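Chains here go by letter, A, B, C, D, E and F, matching the order in which they are written, and residues are numbered from 1 within each.
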Amino acid sequence: MSDFTHFDAEGKAVMVDVGGKAETERRATAKGEVVMQPETLEMIRSGGVKKGDVLSVARLAGIMGAKRTPDLIPLCHPLALTSVKVDLRLLPERNAVEVEATCKLNGRTGVEMEALTAVSVAALTVYDMCKAVDRGMRIEAVRLTHKSGGKSGSYEAE
Amino acid sequence: MSDFTHFDAEGKAVMVDVGGKAETERRATAKGEVVMQPETLEMIRSGGVKKGDVLSVARLAGIMGAKRTPDLIPLCHPLALTSVKVDLRLLPERNAVEVEATCKLNGRTGVEMEALTAVSVAALTVYDMCKAVDRGMRIEAVRLTHKSGGKSGSYEAE
Amino acid sequence: MSDFTHFDAEGKAVMVDVGGKAETERRATAKGEVVMQPETLEMIRSGGVKKGDVLSVARLAGIMGAKRTPDLIPLCHPLALTSVKVDLRLLPERNAVEVEATCKLNGRTGVEMEALTAVSVAALTVYDMCKAVDRGMRIEAVRLTHKSGGKSGSYEAE
Amino acid sequence: MSDFTHFDAEGKAVMVDVGGKAETERRATAKGEVVMQPETLEMIRSGGVKKGDVLSVARLAGIMGAKRTPDLIPLCHPLALTSVKVDLRLLPERNAVEVEATCKLNGRTGVEMEALTAVSVAALTVYDMCKAVDRGMRIEAVRLTHKSGGKSGSYEAE
Amino acid sequence: MSDFTHFDAEGKAVMVDVGGKAETERRATAKGEVVMQPETLEMIRSGGVKKGDVLSVARLAGIMGAKRTPDLIPLCHPLALTSVKVDLRLLPERNAVEVEATCKLNGRTGVEMEALTAVSVAALTVYDMCKAVDRGMRIEAVRLTHKSGGKSGSYEAE
Amino acid sequence: MSDFTHFDAEGKAVMVDVGGKAETERRATAKGEVVMQPETLEMIRSGGVKKGDVLSVARLAGIMGAKRTPDLIPLCHPLALTSVKVDLRLLPERNAVEVEATCKLNGRTGVEMEALTAVSVAALTVYDMCKAVDRGMRIEAVRLTHKSGGKSGSYEAE
């Protein structure tokens, strides 16, 4: 199991030692979708003056969720993120709300998990706020779309 | 926006008042999948003595994640969960790890968000532990599959 | 110091034993104000489409803050709040944003601290979001305005 | 709304990107007061051997509260504070307990919110510990009194 | 492994389902000691006016630590504790500070872990506050001394 | 009380100012034991396929516990740990499970408390998982065994 960095030679879970890594600018972007009934999407869209409230509550939850990553993911390092940005967009052609999160750090380890956690928490919050009208919503395609900084180089998925 | 219970008549976000609801046994089950390269799945499966470590770390993270739900989802009530169970299974025919979580409560509000959060955190942990070998993994189909207890009756999705 | 319930007979800090108290509906309302430059208030008010964002971010922060009360206030009991409501209003005649929070519980102890914490966290969030344009803002008059339920009876301040 | 740094060009809440800022010594001091009945202040003052317990509990709560700032204030960065100091003083001529907090950081963003949060949590703790004898206490004048470090220069309020 | 209640029939970690247990008054007391150099104990004892500060900081930390138990111990249930009491005593004849914590709950599961966590966190805080003068301190004999309530009956260790 | 660094000249608790200290590699190792009935140790040892589950749950809890140190120990600084490693070993000749934790940081303050907290939380988790079969377990000899980095030099206890 030596290729899984979160296990030592005996297969025991460890928080990887990043003390020897260079402090560089790390950046990661993740995306995901909440797929729902067309009527649910329309309710979010047509909120009138109140428009955007579902999206703005979810955006905040995603930003705060990124900060909780080391509390949630057992082997993640505590990090002093320098930036978190979460965006939600309506995709009517796919009956979905798309979530995108970008995190940055000047540090010794990547911020993929922070971006993915932000997306997940924002998506869960969309579910929470709309579940009274649509229990069948699904969170789909939570994935890393971009990563840069660090020894392993950049990653660009789409 | 009156059908979204998390907004009041003026469209402001609120934590719904559940004080008047009856204390009943509430139960919710959620599922999701982490889809990956066949080689990644094989690495998880063939860990030998160490087999199961990815899954057991993720299971624990999911259980602990369920308890953090009110810290993460802005309008969720703090709850004294009576049970959390998280299961992970390899689905080789779909190149996926399936996550299933069931939460229970004797209380005044449903526990769907706790089950969905447990699934999401467990899935994120699988991603974290395998990301060094497979950055293209995707978390898919996070959804509520069962719900019972409370005035709105039972829900059975599959 | 026998009249301070948070100290025992020897003057040591304790979390008061509420096990013998009756489970009743407890409710508390607190208020406070963030006093600022007229220009700052006008900026919040005139946000156009974006209007309300400062207030809606602060409202969410207040709701989430109420849930963190037992983590923050050393001798507060952990509570399963049944309702949290936070409202923010512009008071142009006083160059202030007013914050009001109401918390409810079916339980054995009052929820004054939860309401006061919600007001304080919402007010701090207003400060945070506007501090780039007005460092001289002040949080004033954070106080309990209403309390009911429990042996000590109701309290009505204004 | 471009002058509010916590919103992007479209008015969406963001955690400001501080990655490009220089690491300098940042320092902030905040103050506030808990105004109460003269009898309540006297009870705090005359605690005899036990003197100071209300103040020392509140001091600790303030220090710990400063560390929780990024969990409470949605758009605050997680920071590795290098120093937190919280002081409480009796002001008999104003029937008040004064709270003063100073935070320091070698970092990329200011620590005003940490100092203000420390003051607020300490003040709320004074309220909690004395509320059995005086429900009418008020938290007043929570404000930034000093700030230094960073591009925007120093600020001195009093 | 069927006798370990935290594993299911397949040996997977679970949070035990306590939904079917009766709500009764549960109580647990735990003790522990911090053993140190005589000079260190004397410094704690002879603090003059400041006497008791090490002990009172540790007492508060223990009380707050009890509330964090479900965040720390993976399979512990979140509980609404009704009482937490932490006491520290100097034991000069054994060059030790003794810590004792009692927790109570009206609920469906025991509070042993809350009492043991309170003792451990208080003991760690004593270590933290004195470590500049005595790095060789040891935390010893952290144990359950009393437990009552619940189906399994009472336990009395000393 | 001037030798206790966590008090200022007036005996008030402070979080020590480490802003002037150099950023160096800090490392600390701590150990402790959970002493139990021989039968309990044998149950942990002979778990068959499931072998190691008690130990692996406790290991994870210890790693996550290290990250919560600044939330638990009032005067500890928030730190961006670069590595956490927790090991558990069966010591049949002493009827004990031994816990060892090593933490690292590139920073301005030592990580003794993080290592000691990791040991304590892992030991508490062992207790939690085995308490149904052995309530008389004791956590013993939690101590610092190694420390390096920083002005005060290295420390080696065994």
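We take it that a contact is a pair of C-beta atoms (placed from the backbone, for glycine too) under 8 Å apart; a residue touches a chain by one contact, two chains touch by 3 or more.
Everything numeric here is computed off the predicted structure, so don't read it as measured data.
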{"item": "Contacts common to chain E and chain F (chain labels)", "value": "B, D"}
{"item": "Most remote chain, CA-based centroid, reference being chain D", "value": "B"}
{"item": "Same-residue or different-residue interface between chain A and chain D, half as cut-off", "value": "different"}
{"item": "Which listed pair, A-B, A-C or D-E, duplicates the contacts of E-F in over half of its pairs", "value": "A-B"}
{"item": "Chain of greatest Cα-centre distance to chain C", "value": "F"}
{"item": "Geometric centre distance via CA averages, chain E-chain C, whole Å", "value": "31"}
{"item": "Centre-to-centre distance between chain E and chain A (centres being mean Cα positions), rounded to whole Å", "value": "37"}
{"item": "Centre distance in Å when chain C and chain D are each reduced to the mean of their C-alpha atoms", "value": "15"}
{"item": "Sequence positions of chain C contacting 2 or more other chains", "value": "12-13, 53, 56-57, 60, 64, 68, 71, 74-75, 78-80"}
{"item": "Interchain contacts, given as pairs of chains that touch", "value": "A-B, A-C, A-D, A-F, B-C, B-E, B-F, C-D, C-E, D-E, D-F, E-F"}
{"item": "Chain F-touching residues of chain D, taken from the complex the two chains share", "value": "25, 56, 59-60, 63-64, 67-68, 78-85, 87, 104-106"}
{"item": "Of chain F, residues touching chain B in the complex", "value": "53, 56-57, 60, 64"}
{"item": "Of all residues in chain A, those that touch chain F in their complex", "value": "8, 12-19, 70-71, 74-75, 77-80, 107-108"}
{"item": "Touch list for chain E against partner chain F, complex", "value": "1, 3-7, 10-11, 13, 32, 43, 47-50, 53-54, 57, 60-61, 64-65, 68, 71-76, 112-113, 116-117, 120-121, 123-125, 127-133, 135-144, 147, 155, 157"}
